[in-house]
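The letters A, B, C, D, E and F name the chains in turn, as written, and every chain counts its residues from 1.
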């Protein structure tokens, strides 16, 4: 009933909000916990995605792979310090049964370098499959479909 | 009562969400259906709008004119392939009676060229008059007030 | 109970929406009324803020200081005419008791010059302490934490 | 930053046969670009500044640019329109920052020097110091200083300016044909329906050539053929002035027959190949001469258009080798009724940045620019209609483009 | 806008000892950049255009760039692959705007001139005018015009093109070693798993040097040492072709031992210093020769890589002195089963813009560029492994980089 | 990309009368800009690097820029402060990417070469190869290599550096007046209240001139007149050092009277023309000498300000002909109590990018730059207070600006 729909929407919004929050505020260690295990996290350009080409830029199939990404970011990769700022638009709840919600949302991500340079780094759409069978909600699948197939310099922090 | 207000807000958010969705995901054929007939769709710069000058960049007074815009875009105009990414901010429900809701929202639109170039293409405010007398809600009037009076190269896809 | 939480969330969203609205639509005179008195309004770079350095770019500790900022903007400072466009992401309600709500939200601000130049001027996070003990809600504290410590040309209009 | 992008000259080599082969490098060379500012935009040409109605009363001013240079046009207390460079004599500050307004005098915000509406320096803050301390060096005489002045002329309600003391008066310079064409369109008092501007990713000359190019319309602009717009058009012609730089082309239309045709069309609205709503081409013969399209250019970068009932001035502003700002000033006329205004606004869908017919013109120049990138050897071919730049009674010709290059080469000394 | 950024030449002064000291100014000088376009990218070099499988059928075309120049590759009706410059003969418009497609002929959108799949001009709209009015100048002969043609060659399913009539055929030019290395990797019919592209904030040469730099891998790429990847690597070697410009380096790996090692690792998963999920390095010896890494470069700007089971072509596209576009074309091969595809995709985390091993290569060049900003006197030192550019059986060497400079200086005439 | 923007020299022609007429082209010419980097920023001038307190302990380092060049300042184990260019000797990589930190040595991330805190090259990875294979060419001697060294001096807790071996020691170079002015403000141990930086859309010289311009304050900064700030200011003066390049100006204030005035004001708070909350100007005479404003400049691009109780260092960093980065380093001092800190923060509204008094200085230079765009013939007039550059007991003068040009011309050899 309505209140349920309401509750699901709120839970989904919280999950999606927590995602942007932990990335932008540099609390990446919380990021893997937002996914189930196994899961699917894929950052891929729209041109590849629409052409049915599966090669992305970043890909994880397990929470372990997410943890490795965070560990590596912290300890085993070098890059100039920078941060993101996500703006995620209103969610589009495409479907929801007791177990799974399919949710789309638009995003813009600005990248801010340590020197202050700010650029519109990425835009696109999150295509999410969310496990709503239990609290806390978790991503079963999150595909970040990038509108552009060009990335400036590198992609270190997940989108 | 509250639940009504709630329902109206949700319906408006869905309409506005569907608008950005069908444009950004290149399902333009769905776009005219979001308007009543007759209707008023106007893309105009703030400087013209505030000065009371009516000349816009894109203008439709009927659903037929919207359909013509889509047909022309698909078959009768040439331009370099590109897509938009809309981010629409939280809506401001200015007023709502049983028949009509007046709604404002802020937008940013990024344009992504086939080569990958991404730019902040347009920013502004939607000033909407929405027919809420029946489901599905439809735009009686949507004015996209552009903050800038400059357009980069051309405006093919509606804002 | 849920409906309360719902009402608080809506009230907070309205306050934050009204803030962006009055700035972007150049109704700055309404801006001070959104704050309590005394209050704390601070625009500060993340690098200063995270380092515990208190120097910001704009600072007001009373509503009088907010009023002075608006008066000065209108009558005692010269700068090239321009406007902002705020896009504020979904709010994160961190805590709320009967008296105070702690709310975070992400923002992007585009700046549009009179000539039409549009740039991504600022990105960051609002860290708000909101007095919800009575209608209308008001900011007890609003810290606009800027991701970049660089400002293009000048900061005349509040963020 | 005029010189910040200035490279060594690569030399522009014009093929022997004059103006029907155009070296691609004219679109890519920085030295050429800088000389154009000097020889064309600051040279012996008349350029659009504003509408006379924007300067209705004494003190009304407009600040704009001629080429890359900031200038001011203002009506003084005698009612004369003056124009001068928007640069303070003291330290070079932009004297006026408002795009439009009303002033009794111009006061520089930096140190408060003041100028009258003729550009004469009338006030120097602290000229004699404060309490007899400081002040300007004694030999400084403010009456020896004035803002760099432009010549001004008005034709058909349009205000023009030039940096040149030698260029003939405006009408003589335009010649009788172009003058006639201008006055035909501007036969009533205009008002501004609105402005739009477009940033074009190409050299400014690619756009003005496009406007003068009567060859591309029926090919590039699919909209016209798709919906059989202008299918009742009757042959028109091209008038080119003596120096070649300015021109107009026109075509007539059987308005009545077209209107009838659309009426019938209403009956077979299932047809894929027609507009669902033909009101965007529902036109009236407002000039009573059956001419439905008249495109007029004034060297180097102004366009005056009548496309059915859309009337617009277009100003082409160079903004670097590969960047051009195109401003559209959409006009109505005193006496328009609501029906006419609504007609102009609906037809507005044909032109401007989103115009069904104008859209392609907005990007095609950028495609040429891209194709020439590091690939600008050789020359383009402009031989449609021969090698000359004469007025011609037909449109399958590039004569008007050749005319542009004829005058261009004369002024650039190439 | 080729010339828009062209400054006066500051002169590049090579220290006496040849190729083991590289003047920093080669990365910052605009004249040098422009000459590279002419002498290297439009000079006697073979450059990657596309995969042969992208041109499977007659009419299939790809439009791309060689250096900064827009070109088209297309398979004609005889099945031959042709390539030509993507610039219309008429007024220089970009003839083809689609990145990929199928065509019977190429029609310029601007004025409709048409070209066959060999680039010959076959149609000129209104060539004889309309109703005998206008039309092209009589002496214009369209059969005298064709698009500037490139030579084309195919090797291992990769299509190459050159502007040069004098450069030897592809295999001779590459030499036996590099040819062998290329054919080893491209030993099956490839398909595209996906593309990614990166904008690098540095001169293109800093990236190709990085690829040829066998010295930095174990130092810059912490990931390898942190997780002891390749700890079972056996010494490899470097092959450099005769002119020095092209090369490949390789290393072997005890695949079986590594797999076993990861199995054990599973038992001590608490260890901080190992991957939680080692599937990203879980590799198979798909070439059956124990080689786990082979990096091959073709002068001036192409890379073919095998890093375990990730196969990719990288194309380095100069986009200005301090800007480079790097395209990754990730390959699979016909016959890959789902397990192999999934393996390639997971290992894909090692390479590309977000690659655990490739990430640093994406920004390090930008750091050099920044350090050289207004500080480009002097020369870098490239003496690891001596002063020569010979093939060597070890990797602690900069020989491949010296090879690049050897051929670079030869073609640039420096 | 130092040279990427370098055009041919257009020549800067100084009018006969020395330094009271400044050719506008100095703000628009790329060759001039590049020579400034060499003759001023890499020439005989002392430039701000950091605060001494930022280098409290051995190993503490700061990386910054001098003009466009990346440099590092570090305190070594002997406690000496060293500074050198931030460019690795091997291939030119940016040696240090952190803006601030603590290090025992500097290790280049690219190939691991190491340097001690004096900039001496101490380690070359694989110098002798791996298992005796590869390694550096035998004649390479690492003890022959060190990072390009700067001279360093400290005054009043501020650390300065210079590329010059010939410029006199800092105090001699500044002269007694400017030295005294600097030590007056920096009379306690500072700490950083915060940093802000601004990108100015103009040539760097337009900003430093603005700072030296005692003429504009009461005119451009409406805030001061609107709210009658400083109405109790007493005449101050200007001290200019011998070479003309550095200076300070000051003004006194009757603090007590002002405080009283604001108290009264409280009673008539309806008055439109006063601040609702005057705490932003509520000041104390922290130096006990009644001086409320002291603006000090050090050639070419440093400012030390005391504006009431706001103390700040400003560093002007050229970032291209028409782009300048201005960094504000806001200071407090050990011993400040909370009231003083809050006072400094509230007064902070007067300065910085959003400063009631500083705001106009942030864009006015951009307006000059715009007015000069393709319009840079002629010269500005700097004759307020005559033609000389002497210290003067009054402020309605441009003497300090003339001083700048005097030293500028000397170093540029113009």
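Keep this in mind: a residue touches a chain if its C-beta (ideal position, glycine included) is under 8 Å from a C-beta of that chain, and two chains touch if they have at least 3 such contacts.
If you're wondering where the values come from, they're calculated on a predicted model, not measured in any experiment.
**Q** How short can a path of touching chains from chain A to chain C be, counted in steps?
**A** Tracing touching chains, the least step count from chain A to chain C comes to 1.
**Q** Work out which chains are contact partners of both chain C and chain E.
**A** A, B, D, F
**Q** Consider the two chain pairs B-E and C-F; indicate the one with the greater count of contacting C-beta pairs.
**A** Output for the comparison: C-F.
**Q** Determine, among A-F, B-E or B-D, the equivalent of interface C-F; equivalence here requires over half of the contact pairs to be the same by residue number.
**A** The pair repeating the interface of C-F is B-D.
**Q** Roughly how many whole angstrom separate the Cα centroids of chain E and chain F?
**A** Going by mean C-alpha positions, chain E sits 45 Å from chain F.
**Q** In angstrom, rounded to a whole number, how far apart do the mean CA points of chain A and chain E lie?
**A** About 31 Å, centre to centre.
**Q** Between chain B and chain F, what is the separation of their C-alpha centroids in Å?
**A** 48
**Q** Mind pulling the chain C residues that touch 2 or more other chains?
**A** Touching at least two other chains: 78, 80, 87, 90, 108, 116, 120, 149-150.
**Q** Multi-chain contacts only, two chains or more: what residues does chain F have there?
**A** 5, 7-8, 30, 97, 109, 197, 220, 360, 367
**Q** Which pairs of chains touch each other in this structure?
**A** All chain pairs meeting the touch criterion are A-B, A-C, A-E, A-F, B-C, B-D, B-E, C-D, C-F, D-E, D-F, E-F.
**Q** Considering only the defined contacts, which chain A positions touch chain F in the complex?
**A** Result: residues 78, 80, 114, 116 of chain A touch chain F.
**Q** Spell out the part of chain E that touches chain D in their complex, as residue ranges.
**A** 1-8, 30, 34, 37, 67-70, 85-95, 97, 109-112, 125-126, 129-130, 133-137, 140
**Q** Can you name the residues of chain B that touch chain C in the complex?
**A** Residue positions touching the partner: 2, 46, 87, 89-90, 92, 104, 106-108, 120, 122-125, 147-150.
**Q** Using the touch definition up top, name the residues of chain E that touch chain B in the complex.
**A** Checking each residue of chain E against chain B gives 97, 99, 109, 197.
**Q** Hey, which residues of chain E end up touching chain F in the complex?
**A** The touching residues are 5, 7-8, 10, 20, 22, 24-25, 28-30, 33, 209, 215-216, 219-220, 320-322, 360, 364, 367-376, 380-387, 392-397.
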